[in-house]
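In the two complexes below, subunit A is the common chain; its partner is subunit B in one and subunit C in the other.
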Partner chain A sequence: MIKQETLERKTFYKVGDFVLEYLVIIMILALVIVTAIVEPRFLTAANFRNVMGQFGPLSFTALGMTFIIMGGFIDLSLPGMISLIAMITLSLFDIIGEIPAMMVGMMLGIALGSLNGTILVKFGATTQAKALFITFGLSQLYGALSQLYTGGSPINRGAFEHPAPLTQALSSGTVGDLFPFYSFFNYIPFTFIVFLVFLAILFIFQKKTRLGRSINYTGGNFVAAELGGIPTKRITVMIYAICGLMVAIGAIVAFSRANVAAPVVIGANFERDSIMAVVVGGTSLAGGRGSVLRTVLGVSLIILLSNCMNLMRIDSHLQETFRGAVLVVAIWLDHRRHAKG
Partner chain B sequence: MKKRILAILVALVLVFAFIAACADEPATEAPATDVETPAAGDTMRGIFITQDLSNASQAFSASEFERLMGDFDAEVIIAGGDVADNIANIERAIAENLDFIFINPNDILAIIPALERAREEGIIVGLFSSQPPEDVPDYPFDFFAGSDDVLGGIQAGEFVMTQFPDGANFVEVGGQAGHIAAVSRHDGFRQGIDTSLIIELDYRFVTGPWEAAEARSIMEDFLVMYGDEIDIVWTHWDNGASGVIEAVLAAGIDPTDIFIIGYDGNSVGYQQVLDGYQALSVGQSFTNMASESLRMARVMFDGGTITERLNWVPVDMVTIDSIHDFPWPEW
Partner chain C sequence: MENSDIILSMTDVNKSFPGVKALTDASIEVRKGTVHAVVGENGAGKSTLMKILSGVHTKDSGTIIFDGETIEHTTPIQSIRRGLSIIYQEFNLVNTLTVGENIFLGRFREMKGLRNSHKKARELLDSIGSTINTHSLVGDLSAAEKQMIEITKALAFDSKLIIMDEPSSSLTADELKQLFVIIDDLRKKGVTMIYISHKLDEIFQLCDTVTVMRDGIIVDTKPIDELTRNDMIAMMIGREIENEWPERPRCAGEVILEVQNLRTKKLKNISFTLKKGEILGFVGLVGAGRTEIVKAIYGADRVKNLKEKDLKQTEHGESNKTKMPDNDIVNTKKAKKLKSGKRMLINGKLVKTRNPRQGIHAGIGLLPEDRKLEGLVLQFSVKENIVMSSLNKISKFGFLDASREKDIADKQIKALSIKTPSPNTKTVTLSGGNQQKCIMGRWLEINPDILILDEPTRGIDVGTKYEIYLLIKKIAENGGSVIMISSELPEVLAMSNRVLTICDGEITGEFDPEVASAHEIMDAAIGGGEND
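Take a look at the complex of A and B:
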């Protein structure tokens, strides 16, 4: 009798562990199945293209945030950074050309990210709480600078003198534009390919390089990593620089999706959604554990959630409630995983 | 350590006292009742308290106050922020004994006590672009200048009726969920098409702060759901219409095949109307609102009275045919 009970309990815990580990995949599958039943147009090629297109800016910023959280930190400066980078990059389009302006934007992203990391190191911030307040302040600063730079007015890409083919490609281009051999390619947005390229690079960096692995050690235990000879301060600056680069690419994709970019507004909520994507994916908020591949799952869930709720005609206010609920569930899951070690 | 802190505090007090002694005005404010009634032609001093200055329309309004204040012999301080900042700036106006407050508040009800105190101190209170709530009949204000979002929505709806007398289908990409302007424009449009054959297919509000990219995502989903059935897109802001246009273009549809309406009348909307992508932009004239606010404050400051407290500035219906009748917006 006791043996039977022990066996049942073990089985229960095994099922519980499985659900805990793969809840995000289970949620994605459930969402897909329910939406496909309620709204058959969910499974059309046009919607497939939509979903991949909507991977857009969030996928890049979430990849950057993954390294920050794995390193045991947090970055709330994303809204301000996106705003400042987008405004400066767009303002340079007609002056130095589209591609050089984008390069400037990416360098600015790395510079701002490095500045964030350096400030944290100089201020002795080794915890998420300290990083939270400092980066929040920096977001306000960058946002205000973007407003000063533009005088608070939006920048309208439609009024540019010179064409911006790369931005247009990021906005609505597909692989089919380059390789018109298979009609299937017409459903794969160009931005999705750019995302896959960066995902592959960052995955290799994280898993196959010493520096990449050092991020996990730093996030797992900052003091122990430092005592173990890992250059934790350099790692801190590096992860913020990586995040800065990804934020810059996210900013470029963000302004390419609409013809107009308004300061501050363009970056709104990106810090929330990026953190949500990373944590939902399974990267530990406590640092030390995680992967960019897991973040892809988190991003997929957030994008599908939005797409599915729109297709199922769910009210906008209720959509926000669901998003909040998902974040709470994700943090609870993180807590459970952490408690289990 | 304690001595050092004490020394710093003493030094600060001394510096403060020195600055106060050097100031032109005495440090203690004279009571409001002792202030002489200003003679006509005196410079009036006031503050424009608005919502977040990241909002392009608010930033433009602020710049218009700065541009026009000379015409009315006025000095205008600009202050933006959240509800707490709004209240703090009203307190500041009282403390500095300013002559007027123009305010476009984040929360029109939360500032009532502060505005009451300001009026008790004899400060002229003008509501800017935010009308007084109907359910508060004794709202503390002297005048209002602004356009009516409900009326703007009605006019947009009526315009659509004239364009589609035999009926059509529309989807709505609304502004920030819960925002009073978005709710008013949503309600107004329905009043405007009330007696028509215009049918609503669907509507959705953006969850972020009037973000154009989110408008695009919603429109992309609408195109999957309704495709060719969509004849009209009613968007609550011109920047959002830009996102809608990008979604339509990405779907391989000519934007001129869909009747896209925006709101605001900013330079983005004007450009899209000029390009033929946007059929209508319902324009708000912040220049006229600022000018009217200053004019009415001047009248009251000079001892006159305002006969009409609610000053509705009409919206501009900007189409390809009428666009040249309006000055190009600088925001």
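Take a look at the complex of A and C:
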């Protein structure tokens, strides 16, 4: 008799857990259904293209941030890094050409990320709190360097001598430009495809490889992982390097979409939004558990939320308020999930 | 028995947690002015019972009468004010505040200011014969002193009943004696105490009555003189066990590990050898340097690996030491440089361990002291925790093989009979013994030549302890070498082939536990200063 009771309770708890675990999906579905009913323009082809186009810089930086948070750390240096990478890359456009400049940008991203990770390791920072302060400081440093580099003035892409087709593609190109066979392709932005490619690579890396698993152990319990023979220090540097690469791509997409790129301004709020996307998606702030797929859900929710609110013509300040509320709720849910063990 | 004699009576108390019945019709009566022991394996329901008393949990049914008052719903603060204090294993003190502030935490207004609090705290501390300064920071105190502060805090509330949960777990033998004196003193003053402990020796020394619990049921309550040690163990585990320990294996062969001149800030020139198939016991007080030695060997604490050249210099330096005044040597740069370092030979070959990975490569495994903080990733599954150190076995070209992973986990779960609903169950939900087995499984999968076990049975119930002893025995019989650190002297003496005593960062003696007496060994472990 007792057994039956426990069984019933278990299933009950499983339903509760399920809701907690997949709340993002439920929220996305609810949002889509409600908006579709209230606002007819939501389900139009034009809006679909609009939403797809929103998978911009944030979706890349959030993928990078997923690895950092899963490894039990945090990276607030995103704004500074984006600013520095964007300024240096842009300044090289007319000198070495578009694609080499982008390569340099990505290398710089990996280098800055590795530097972040190495500094943390050297400082013996194995906790999120220490990483928070150190990377916050580094963000100021990188941001200031980018201002020094340009003398504080913005870079105007319109003034470039040479054409920049890849930048153009990342800004407004669609798959239809390359493969004009189906009209549907005109609705898939080029950036989205790039995003899917990185998503697939990072997903396989995280779930199927030894290094990916090592990130989980490091984030789950740094000391235990170290004593269990996981190269925690190397893993720390590695996750910051991965994040650095994704931040560089985010920076490239970001300046592709802006005609005038101003230092510091270009990277503003990326750390906040990336962390939000990761946590809303359900990757635990406590480290150890998470997935890039969850982050995609988090990014989708943020994009859809702002799309829906725009369509309903909700005041922008109110939109910001909503965004803040979503982040707080997400962190609370994360805590609940974690507390349940 | 008169009714007024009973300070606490719980009748038919029941408590369920989701999926578990933690207490079934638990009834207990505690007489005023006695020390009442509650014993049982982990998960027997002792903590639940105490947490219901203190108001952390609410009972499902049953009655509780404390000091003539029926208690229905209570909160921790209410029960403290009622005169029922509980001292947990992990202390509830604020490290950054002073002793006096801690004792009257949150009651400064009641005490009419901080000055009076300190004054009153001084009186209370004096009353239990403690000389701790009320102005010193709690964070600077030793575990034993913190415990005294906890007791004083309970007294500050005029507690009639003090519950102590495993009070001896972090105390040295001397400190324990002191604690016993205090408890005895309080008993004479009419304070009642409930004493929860795994250590049966303490209970026989100290307590008047014993309540044995098993699986959420109170098996029996008896005066201590009516019970023998074996009766008590039998009641706790529900069956008779002939022996607490298996017969020790005797398979020591050739020397496999040789540690020379291991020295750090804390360790002074540690040198010893370990033989193949041998179980080597490390005996010493907590903080004597036992854990530091094994962590340095394993590579978890970074200690410089000395080269042949360096070693010659130290030897040279030491031989000179006798001729020259001490200061000269200490002050020379080279001597300073060589203050910390180690030299290790495994199978006669020089081995460097700069991090745990190299330790594992060299054929060493370490089961850490604190399985929750240093051993397991608690939120991860049994499977993931078992395969943590054998990722190379389950991956090809850097890619994981899920079926290999499952095979390894299943194999170890079966081999160690880990009680878990599935390999995917989170380890946080398992009992302490099964958690420890998960870490054992991790190492058995690698099968290191040298396995270091730091407190392998701490906080583990009697039944599982025996299983772990059998495992250790099996490892030795299969040719593995084991270094075993334990604070439980009988356990080390029963299991080891050889015992090294460590005191204050030095090896103070080497004993054959089959010949030497426990007293002799303990004497060496506490520095040999006391001869009585």
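Just so we're on the same page, the second predicted complex is superposed on the first by the 326 of 341 C-alpha atoms of A that agree within 3 Å, B and C clash if a C-alpha of one lies under 4 Å from a C-alpha of the other, contacts with A are read in each partner's own complex, and residues count from 1 in each chain.
Note that in this section a contact is a pair of C-beta atoms (placed from the backbone, for glycine too) under 8 Å apart; a residue touches a chain by one contact, two chains touch by 3 or more.
Everything numeric in this text was worked out from a predicted model, so none of it was measured.
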Return fit or clash for subunit B versus subunit C, each positioned on subunit A through the superposition. fit
Here the angle between the directions from the C-alpha centre of subunit A to those of subunit B and subunit C, rounded in steps of 10 degrees, is 120
More residues of subunit A are touched by which partner: subunit B or subunit C? B
Under the stated touch criterion, which partner chain does A:Gly158 make contact with: subunit B (first), subunit C (second), both, or neither? first
Look at A:Gly124 in the shared chain and tell me whether it touches subunit B only, subunit C only, both, or neither; answer first, second, both or neither. neither
Quick check for you: in the superposed arrangement, does A:Ser214 touch first (subunit B), second (subunit C), both or neither? second
A:Gly229 in the overlay: touching subunit B, subunit C, both, or neither? Say first, second, both or neither. second
Quick check on the superposed model: minimum Cα to Cα separation from subunit B to subunit C, whole Å please. 17
So subunit A touches subunit B in one structure and subunit C in the other; where do those two contact lists coincide? none
Could you list, by residue number, the parts of subunit C that touch subunit A in their complex? 18-21, 298, 300, 355-357, 359-360, 366, 368, 373-380, 384, 388-389, 391-392, 395, 398-400, 426, 428-429, 442
Taking the complex as given, what residues does subunit A use to touch subunit B? 39, 41, 44, 46-47, 50, 53-54, 56-57, 143, 147, 151-154, 156, 158-159, 171-172, 254, 257-266, 268-269, 306-307, 310-311, 313, 316-317, 319-320, 323
In their shared complex, subunit A is touched by residues of subunit B numbered 52-56, 58-60, 62-63, 174, 177-178, 202, 204-213, 215-218, 220-225, 239, 242-243, 245-246, 249-251, 266-268, 271-272, 275, 330-331
Along subunit A, where are the residues that touch subunit C in the complex? 2, 6, 9-10, 13, 208-214, 216-217, 220-221, 223-231, 286, 288-289, 338, 341
